[in-house]
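In the two complexes that follow, chain A is the common piece, with chain B as its partner first and chain C second.
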Partner chain A sequence: MDELRRVILDYVVKEYLEEGDDREVVVDTPLITGGIVDSFSMVSLKRFLEKKYTIQIPDAEATPTAFDSVERIASLVERIRGARAGA
Partner chain B sequence: MSQPTVYAEPDYEQRRRDFDWGIAERELGYRPGDPINIGWYCSDRVCQLGQGHKLALLWEDFQGRCRFYSFDDLRLLSNTFAAFLLDLGLVPGERVCLFLDRVPELYLGFVGALKMGGIVQPLFSAFGEESLHTRLDDAGTAAIVTQRKHLGKVRRIRGTLPALRHVIVVDAPASALKDGETSLALHELPRVQAFDSYPSTPDTASVLHYTSGTTGKPKGAQHVHYSVVSQYLTAKWVLDLRPDDIYWCNADPGWVTGTSYGIIGPWSNGTTQVVLDSGFSAERWYRFIEKHRVTVWYSAPTAIRLLMREGTDLVRRFDLKSLRHLASVGEPLNPEAVLWSQEAFGRMFHDTFWQTETGCIVITNLPGMPIKPGSMGRPFPGITATVVDPKTFEPVSDSGRVGLIALRPGWPSMMRAYWNNPEGYAAKFRNGWYLCGDRATIDRDGYFWFVGRDDDVINTGGHLVGPFEIESALLEHPAVAESAAVAKPDPVNMEVVKAFVTLKPGFEPSDDLELEIMNVVRRRLSPLAMPQEIEFVASLPKTRSGKIVRRVLRAKEFGEPLGDLSTIMED
Partner chain C sequence: MADAVEVEQGCLARVRQHFRQELDGLRNAGLFKEERFIHAPQAADIEVEFPAGATPRQVINLCANNYLGLSSHPEVVAAAHAGLEARGYGMSSVRFICGTQDIHRELEQRLTTFLGTEDTLLFPSCMDANAGVFEALLGEQDVMIADRLVHASIVDGMRLSKAMQDTFKHSDMAHLEEKLQEHQDKRFRLVITDGVFSMDGDLARLDDIVALAERYGAMVFVDDSHATGFIGKTGRGTHEQKGVFGKIDIITTTLGKALGGASGGCVSGRAELVEMCRQRARPYLFSNSVPPVIVAGALKVLELISRTTERRDALEENTRYWRRLLTEAGFDIKPGESPIVPVMLYHAKLAQDVARDLFAEGIYVVGFFFPVVPKGQARIRTQLSAAHQKAHLDRAIEAFVKVGRKHDILNKSKKAITERYGL
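Our next item is the complex of A and B:
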C-alpha cells in the first residue's frame, strides 16, 4: 500500500470507527454504503483531504460514490493533484 | 389469468366529509374498551387474518445478503424478544432503548418490546455518547439494546446512568461482554409460540421519540398505543398501501418516520416491507428497487436531490417499472425534485408533512389529488389544520398570508406529553391549537406552502437539530470561548449547521482547528450536528443582557433582512 492510501486509511479508522468496533477496514472496504462514513461526515473527510494535500475537491466530485472506499478516494486525490501538476 | 385489481382514485372532498377515525378502528377490528397493543396489531392480528405465511420483512445488507421474515416469523420472534425482556426482570412501562443500525433485531425488537408493555425509545445509532447520554438520562431508560460496534459509546456513559440496568448486545457472544452486559442471539433462542401481549389501553405509553428544540435539551415526545389508528389509516390512504405491495421506507427507525411508517404503518396493514441496511448509493438503491420489485417508495427530499445529482441516465439502466406510488417527507420537497421524479420515474413524489409530535402524516398530497409541485398538500381528512397569526393565534383568513401551521388537537397519534417536561408541552398549545413551529401560507385551493421554521431549530437532511446542543458541545473544546449555531442554506440538505465561534486568548483560527472542532462535535453529538462550516469571528451579536442573537447570523446566511437591531449590543 502506498503512502497516500495508508494516510487516508489511517485517518478513516481513527476518526470514523468507534472504539471497540473491530471491523477490518482495507482500501476496498465500502465506506459510505457500508455505513462507516455517512454523507454528513463526508464533509469532514473532504476537509481533511483538502488540508492534507492542499487541493480543492469540487463539490460535484465529492459524491458518495467517489468516497465509497479508500481506493476511490485516493484515485480522486491523485487525479486532482495530477490535473494541477499538468496545468 | 386473473385481471389486476383496478382501484378508483379517492375523492378528497368526499373523504373529508365522511371522515371519522372510527373507519380505522373498524378496519382494524378494534372496539373501544378493548386492549390495544401496537405490537399485537403488527404481528398476531395479521396472522389471525390468515396472512401468517405472507412476507413481512425482506432485509438486505450492504453486501446484498438477504433475510426473509414472514408475519408468523415476526409474531414468533417478537414473542421471543418480549419474553426475553420479561425474563430479565423488565416490567411494563419501563423504557427500552433500541440503539441499533437497521438490522432485523431493530424491527423485531420494536414489536417485541411493545408486546411486553415496554415504552420503546429508538435512537439513531450514529448518535455520539453525549447525545445518547442526554436522552437515556432524561428517559430514565432501564435497558438498551445495541450492537458490538456501538458498545464502546454505551460503556463510556453507563456509569453515570443509574437507571440503566441492562445492556443487551445482539451480535456478540457472552464471552466478549463484560459483567452487567447480556448477549441476545435472538435467532438462536427457542421461539416462543404463545405470548400474551400487554393489555395496553389507548392511553398507555408506547414510543418515546426525542426531538430538538431551540432551547434546552431534546424533548421526548411520548406516544400511546392508540396511535396505531392514525398510522394504519394514513399509511393506507396516503402511501396507498395495497395487499400486494412491496413497500420501501428509507427512513431509519431512530427517527419517527422509521417507526410510524417504517414499522407500524405497513405492518398494521399487513404489508410486505423491504429494508436496505446500507448507506446512500444511487446505483445501489436503484438495483434494490429493481431486484425486489418495490411498488411504493417513501423517501426524503435530501435523498431525492442526491439522486438528481446522479442524473437520469443512471435511472435508465434499471427496470424500475414496478414503482407505482412515490411519497416524500422530511423537509419541503422543492418543485424541481417533483418534476425530476416525473421525468426519471414517470411518477411524481407526493410530499407529506408531519413531525415527531404528530405521530402521523397531517398535511399531504393524497393519491388522486392534483399535485402542485412545491406544495405540502392539504390536511389529511381527519385533521383540522390552518395557519394562525403569530401574535393573536387566530386563523389567518386571507390566502397567501404567512402564519404558523396550527393543528386542532385530538387525532389518535398526537403526542401525549414531553417526557419530564410539562412546561415544554404546554408551550406548544395556544388558543386551542397545537403549533408545529413552522410557517406557511394557504392558497385559495386549500393547499399549504411551507415558508420556514418559526424558531432557531435547524432542519438538515430532514432531521431537526437544536442549536443549544451544538453550542454546548462547541464550548467543550478548549479553544472555544463563545459559539452560535445556525442554519445555512444547502442545495441538497435544505439546511446544514454553520457555527460562529470566538476563540479564547492564545488560540488562532486555522484550518486544523476548524477540522478538529468539527470532529469533536461529530463524535460527541452526531454527524448531523457537526457544523459543515465554522466561521471564526471576533465577537457575536448579543442583546444588552448578553444573550447571543442567532437570528441575525441566520438572516445573514439566508440573505434576509436583519430585522430590528435596536437591542443588539455592539462590542
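Our next item is the complex of A and C:
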C-alpha cells in the first residue's frame, strides 16, 4: 500500500470507527454504502484531504460514489494533483 | 395544439414510469413505508386498521411520542376547545404581518420560564426551527460541530447554513475536544447535539459538553424534543437532568411530543439569538403562525406539568418497569434511562417480522433499520407513556416473549442473533 492510501486509511479508521468497532477497513472496503461514513460526516474527510494535500476538491466531485472507498478517494486525489501538476 | 398535448402526455408517462420504478425499488428493498389508520384519539389503547381495508383491531400503543399521555387529556382538549372559540381557527398570516395573538406571546413567555432561558420563538414545528436556526445565526466565518447521531432535521438545517460543518463521534468528548481545538480560528463555534437521541434513547453528556464549550469558547445547541416535559426532576429537559439548567445557549424543542403532541416547535435561548431568529429564520418568516387552538392546548399542558410532576414520575416508573421486564425476559435492549427503549434485533427483516408478529398479538411497534439507523443495528423502538398502566406492559411483555420464542432471540447475544440471521 502506498503512502497516500495509508494516510487516508489511517484517517478513516481514526475519524469514523467508534471505540469497540472491530470492523476491518481495507482500501476497497465500502465506506458510504457500507455504513462506515455517512454523507453528513464525510465533509471532515474532504477537508482533511484538501488541507493535507493542498488541493481543492470541487463539490461536484466529492460525491458519495467518489468517496466510497479508500481506493476511490486516493484515485480522486491523484487525479486532482495530476491535473494541477500538468496545468 | 394536438402536438403539445401529445408531448405533455409523453412527458407525464415518462415521469410516471420513472417514479413507479423508484417506488417498486423501495418495495423490493423492504423500505416502503405504509401508514396504519388509527380509528381513535391518540392513547395507550387504540384501534388500528392495518393493512388498509382490514377490520380495525384494538392494540396497545408502544410507539407514540405521547410521553406524558397528554395528547387526548380532557383538560387539554377542553382548553383547545376554549381557545378555538376565543381566538378562532386560523391566522391566515405569518407571525410578523398579522399572525401574532396575545396567546402566542404568552406561550413563548411560559416556555421561556419552563426551559430556563431568556426568550422563545414559536415555529410551525421543531423541524422548521432546526431548518431555520443555523442559517439565521451563523455565517461562513463560523463552524457547527454536531454529534453524528443528531436528528435528520438538524442535518438538513446545517446544510442550509453557510457555516463550516463538522461532526464528532457519538457522545465522544475526546473527539469533540479535538474538533474544538481544530476550529479555534473560527469566529463562533457551535456544538450541536440532541438532548435525548431518538433512536438509541441515550442522553447527551451535556455537563461535559458545556464544560468543553466553556473551555474552548463555544456555544451549545440542544434539540430537546425527546426530553422536554419529562427528563429531569421537574421535567424541564436534559439540561436539568445533567445539572446545566440555564447554561444552554440554544434549545429547540417541540409541542408535538410530550407537550400535547399536536404540532409546533420553538427556538429558546439567549435573547439576542432568539431575536435574530425572529428577524431572519425563514421557516418563521414564511410560514403561518401556530394555530390558536394548539397554542391554547399547549398553555394548558404547561400549566398541568408545572403544577405537578405526577405524570413524568409515572413515566419514569413505567420506564423502569418496562426495561426490567424486557431484560428479565432475555431481550437485548439499549441501556439508558429515557422512555425510548430500543429492542435490538440487528437484522432488518427480523425487525420487520417481529414487529408484524407483535401487531398480530395486539402490540403496536415499528421496526427501524438502515438508513434510519446504522447498518446492522436494526431494532424495534418501544416508547413508554405515562398513559400506560402496568397491565398494558404486562400484556405487552407476554406478547414479546411469545414472539421472541418464535424467532429464537431470547437470551441470545448479538453474535448469536447475527450468526443466525445475518446483518
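Following the convention adopted for this analysis, the second predicted complex is superposed on the first by the 87 of 87 C-alpha atoms of A that agree within 3 Å, B and C clash if a C-alpha of one lies under 4 Å from a C-alpha of the other, contacts with A are read in each partner's own complex, and residues count from 1 in each chain.
In the analysis below, contacts are C-beta pairs under 8 Å (C-beta built on N, C-alpha and C of every residue); 3 or more make two chains touch, one makes a residue touch a chain.
From a predicted model like this one, the values you see are computed outputs, not experimental measurements.
With chain A as the common reference, the superposed partners chain B and chain C clash.
Contacts of A:32 after superposition on the shared chain: chain B is touched, whereas chain C is not.
In the overlay built on the shared chain, the residue A:20 is in contact with chain B alone; chain C does not reach it.
Of the two partner chains placed around the shared chain by superposition, chain B is the only one that A:64 touches, whereas chain C remains out of contact. Put simply, more of the residues of chain A are touched by B, taking chain B and chain C as the two choices. When both complexes are overlaid on chain A, the residue A:48 reaches chain B alone and has no touch with chain C.
Common to the chain B and chain C interfaces on chain A are residues 18-19, 34-35, 38, 40-41, 43-44, 47.
Residues of chain A that touch chain B in their complex: 15, 18-23, 30-35, 37-41, 43-44, 47-48, 51, 60, 63-65, 68.
Taken together, the chain B residues at the contact with chain A in this complex read 62, 101, 126, 148-153, 155, 277-284, 306, 309-310, 460-461, 493, 511-512, 514-515, 518-519, 522, 527-528, 530, 532.
Those residues of chain C whose C-beta lies close enough to touch chain A in the complex are 146, 148, 155, 164-167, 169-170, 172, 370, 374-376. Chain A contributes residues 16, 18-19, 34-35, 38, 40-41, 43-44, 47 to its touches with chain C in the complex.
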